[in-house]
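The following block contains the structure, expressed as structure tokens.
Labels for the chains are A, B, C, D and E, by order of writing; each one numbers its residues from 1.
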């Protein structure tokens, strides 16, 4: 956290504000910042989206490729997340520092998309056991103003929603070889079902309260944040991870009492998120 | 053990050819051919090296071995280790604390006994570079053929039919064994015989060293 | 890479004598150093020396899968290595700007100029092609690496022969060199690079050595480059330009390039002839079954060279069978003397486990302190 | 993939023979059925809610495993075998600015032969990296990092055999090793995991149970690993994969909390044994030193008397 | 007191021990440490062994895979041995790719196995030119306290001896492969190679002392690059002598080393056999 320097009084101000359900930018604890979402911004990608959440700026591009499925999951496609933080986004990304953060984001995303409840990889299958689609989700962090996990997951979902997969006819030749025929019409494609694709909500514990969508300043005041992944249908939620990180003092962790609000909040927030979209 | 001197036989080493200062930019360099096997070695140092690899009591020896196709491999590391440990025993490293000595080896032709040739060539390059040494060393290779006979300094053709090869490196002062490495299976007796024969044959290598140094002294003197 | 220091005196001196029409080693401005090409015992292996600059080049081939966009073409891979052997300032196993620069120039000269017939390197379309790997190793760096490396590359490609193969249905049989004569690579034309050092923007030095190169690309005390630079020209025997590269200062007039081109064209043609002759001569020798080996570069006439052919030693000849018997006797004797009881017990305790323990509880704690040394 | 020049490599296209066996082609349902019998007992004879750590014989833990390390521990959960060693704090390499808190460098590595399904690669893969991050997160709140500013402690985990709950085992081992290395800590850290398949909860799951839980299509499925600082009643790490509803998560959390509590006495026992052992060793050494000094003194006296006699 | 002495005057400290003919852990010069061997403890591997030589601990696991043999050698299988020195085994190593030393050890071990000819690669071939076993042997050092090669070889051989190859059916027509894990056969092992490590210490210039089965500290004192002399035997024949660094050997030293190695080999063979027999009776 070299980039952001806050004096202790500034921190106290933020903590006290949160205690009173009043944050420095005028939001309450469960409010999101204004966000701007734009899809189909990169013409070369199969699907893309750009999200601006206050200062956080994220670009997601999706590339499709044909691959052979894993032998133990013959009827499923593949999805891979690659996160790249440009050094412009934050000084943290300079050198090797970005690698850890990037891999932790891509890990969390991979985990969130792992469940078949969250994202059905069967829709990426072309010929069982032979050919499938592989989606490369390239996440580019252009600028960061806190709350990456939420922003990344939101942008990814939008980009997947927007992804066009060309229709392919597969002919099984003798000898087990597969011949693929791509339709001549470039408008012949299908969309993916992303209704249940997970979204991540970060809950930052500041003082005794939990806060959604923390800004970079607020992040530096908290020692622990909880990331909750929520799938589209409200009742199941997926990928939940206590991330104890950041600066100084004795680390307070998500105790059982803290997890209560943690698991409640997603429900109440769900509407707000969808409004945001 | 066996003392009858009746069958004394001539043993030959492959012809040796050597040139000093083959490379102009290195502090010391030598190219040596033993038969068809050719090796090129350059020595640089003592020179400045990075802090982390400096040692306060002696110089750090770095050996780089590159074979012909240029691809690194585990075998190369092993060869580097052999050369490094042999040189470390010979160089008076404590005279150059906090410095590094670089030995770079290039394989040119390998027709048997390459490591022996390289070790001899390294010794010559070290002599050429003027690094202080405790003693010089000479490497001799041996092979055991399928009848169990010991062949000194085998040729490429002889190696094809041999069951084991051994290479010995001797100290110039009391002819004690500095380094030894073997390949293949062999009996204890074969080992003893090969060791003693090589020990005697190392005289020839030392004589060669003396000759070339004499010539070299004439030139620079 | 460690920095090499260039003193001001050296810089000024070289600048001055060049402006007066001299070179440090007494050459004319358009005179090259002595070129020498020697081949190794294997095909495609040669050492080229240009004055003191020495480069080892080797071409090897292996069967690989072709690239998808070019399914019927072979693959060429060029690699340049600069290790501490070339000069002490280089570090082992590290890519420097210089190696990247050299690789790029050689790629431009030999890959992009399409001088090698890549289609002839195809074995089975879309499945198997020959992949040639050209390995350039700088043995001694005394300036003008580009020119030397390019001669070495061309000589080794021209000298290289790949094994022949026959197709038997789906299978491809690759023959060893003894089974079938290997095939040389087809070259459409022979491009060679030449380097000129540019001094004060009007003097061209052919084949600059290390010092001349460093002086012309270095800055003066005021931090301004004195209109010096390195001009690399790649041309083939038909006087066609394949490559032009300038590092250092900008050129004021284009005349100097024209001048360089004219001189380069002659030089390249000369080089190509030398290479062709050398390869032809080597081929002749090989056909006469004469052994060619790198040991030939060790010239016996050299003042620091020594050659000994008759390394004889008289050793006892062991009769192996006799010896064996004797030894066996010896061993049987020994066995009688000391059937030394093993100091260790083998204990099989838990299933799947065995233990070897020393019999007596020997591990007494013995400590030596500094006082005991004086006892 | 570029070839690894620092090791011997096998052919590139080799595959495990297991994919040609009959068992490999079992469907999900068959595999699920194999997990437990009619009585609700698991394959290894445990009840669903029975952790391997429950029976004393199975959870095997000891310290001082690695003689070259400052502190080390070995934890065995029936078949899962984990070694951990902790080294002296050292300066953080390539670090310019001052860090108020010491760093923990955690690395989890699987042995190439540790997994039943495939051979592990030598270079750290995604799973190993993720485990390393999770381990660091779990340990950071437990260690008094303010005692060694600008230094880092290496916590290295090697998994010899992986049969489920390896993160939990790794955290337990790391906690023991840190204590063994005398690194100041706030509390004893324990960890446990649960696999959820439908309405069944498998405490301390085996590898096959984990595998099915991950790929299940039930509404509730997944794995939760939690680590707890027992005295402080704090959760230091909570990792979940899969999909489950809120009630399920809270239920699992309570179960896990209880399980973690159960492990604590085991860990304490191991640590006490360790301390007692060290204490005895020290006493033994002291006694020997004393004995030697006495002998020395006697000798000195002898000499002195000899000298005086002369 | 002793610890401080060891730290300040390491060489003198060591010399003091040597001059009273003892080693730091109380052993004689020619005495080796206790060996503990356990086989088949790791179930995820196809064969495994754990060896403890004093503190040095090595775990060897074998994984079997199938592959197409090389075109140049269509009737040979693959035997890939690798020694891992993970950072946790000693403070000398850092996480990351294998160090130079690890590579040297790796090469020595693989050479000994190759030279001893204890495994015929032809036995690993199933169908020439079509299918062969790839035997991946990974030796992981958990605790590095000297004489690593000895421990690695014991672990490797013990796991070879317990290795059972599943039977494979290869249909030449359809190229279909079927593996039957219930029917397994032993892999043929020719002999039982054993390596013996020595550290060669030059005590007061002239006196050469051979330390059998050296610890890490002893290796450090004798040049710091592992054991100096490694002698390996298989079926009464020598299958590798490596002498690197340390003091120089005279003829007498050499003879002594060979004699000691012979003794050690017999002892180790006994352990391995006892371990394997124990396994037989318990099953």
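Methods note: a contact is a pair of C-beta atoms (placed from the backbone, for glycine too) under 8 Å apart; a residue touches a chain by one contact, two chains touch by 3 or more.
This structure is a prediction, so every number in the text was calculated from the model and none was measured.
Undergrad: Following contacts chain by chain, what is the lowest number of steps it takes to reach chain D starting at chain B?
TA: 1
Undergrad: Looking at CA centres, what chain is most distant from chain E?
TA: Computed centres place A farthest from chain E.
Undergrad: Please tell me whether A-D or B-C has the greater number of C-beta pairs in contact.
TA: Between the chain pairs A-D and B-C, B-C carries more contacts.
Undergrad: Please find which chain has its CA centre nearest to the centre of all protein CA atoms in view.
TA: E
Undergrad: So how far apart, in whole Å, are chain A and chain C when each is placed at the average of its C-alpha atoms?
TA: Here the centre of chain C sits 50 Å away from the centre of chain A.
Undergrad: Which whole number of Å gives the spacing of the CA centres of chain D and chain E?
TA: 27
Undergrad: Express in whole angstrom the distance between the two chain centres, defined as the mean CA positions of chain A and chain B.
TA: Going by mean C-alpha positions, chain A sits 61 Å from chain B.
Undergrad: Spell out, as numbers or ranges, the residues of chain D touching 2 or more other chains.
TA: Touching at least two other chains: 6-8, 289.
Undergrad: Could you check chain B for residues that touch two or more other chains and list them?
TA: 72, 74, 77
Undergrad: Residues touching two or more other chains, restricted to chain C: which are they?
TA: Expected reply: 365, 367.
Undergrad: Taking the complex as given, what residues does chain C use to touch chain B?
TA: 2, 40-41, 45, 47, 52, 54, 56, 58, 60, 79, 81, 83-88, 92-93, 133, 135, 137, 139-142, 210, 291, 293-295, 297-300, 302-320, 322-324, 326-327
Undergrad: Note which residues of chain B are touching chain E in the complex, please.
TA: Within the complex, chain B contacts chain E at residues 74-75, 77-78, 80-82, 85-86, 88-89, 164, 166, 171, 174, 176-188, 191, 195-196.
Undergrad: Could you pull out which chain E residues touch chain D in their complex?
TA: 1, 42-46, 48, 55, 57, 59, 61-68, 70, 78, 80-82, 84, 86-92, 95, 97-98, 102-103, 106, 110, 134, 136, 138, 140, 142-145, 166, 168, 177-181, 216
Undergrad: Can you list the chain A residues touching chain D in their complex?
TA: Touch residues, chain A against chain D: 2, 71-73, 100, 103-104, 107, 110-111, 114-118, 226, 231, 235-245, 248, 251-256, 259, 263-264, 266-267.
Undergrad: For the complex, give me every residue of chain E touching chain B.
TA: Interface residues on the chain E side: 100, 103-104, 106-108, 111, 115-117, 223, 225, 234, 237-245, 248-251, 254, 258.
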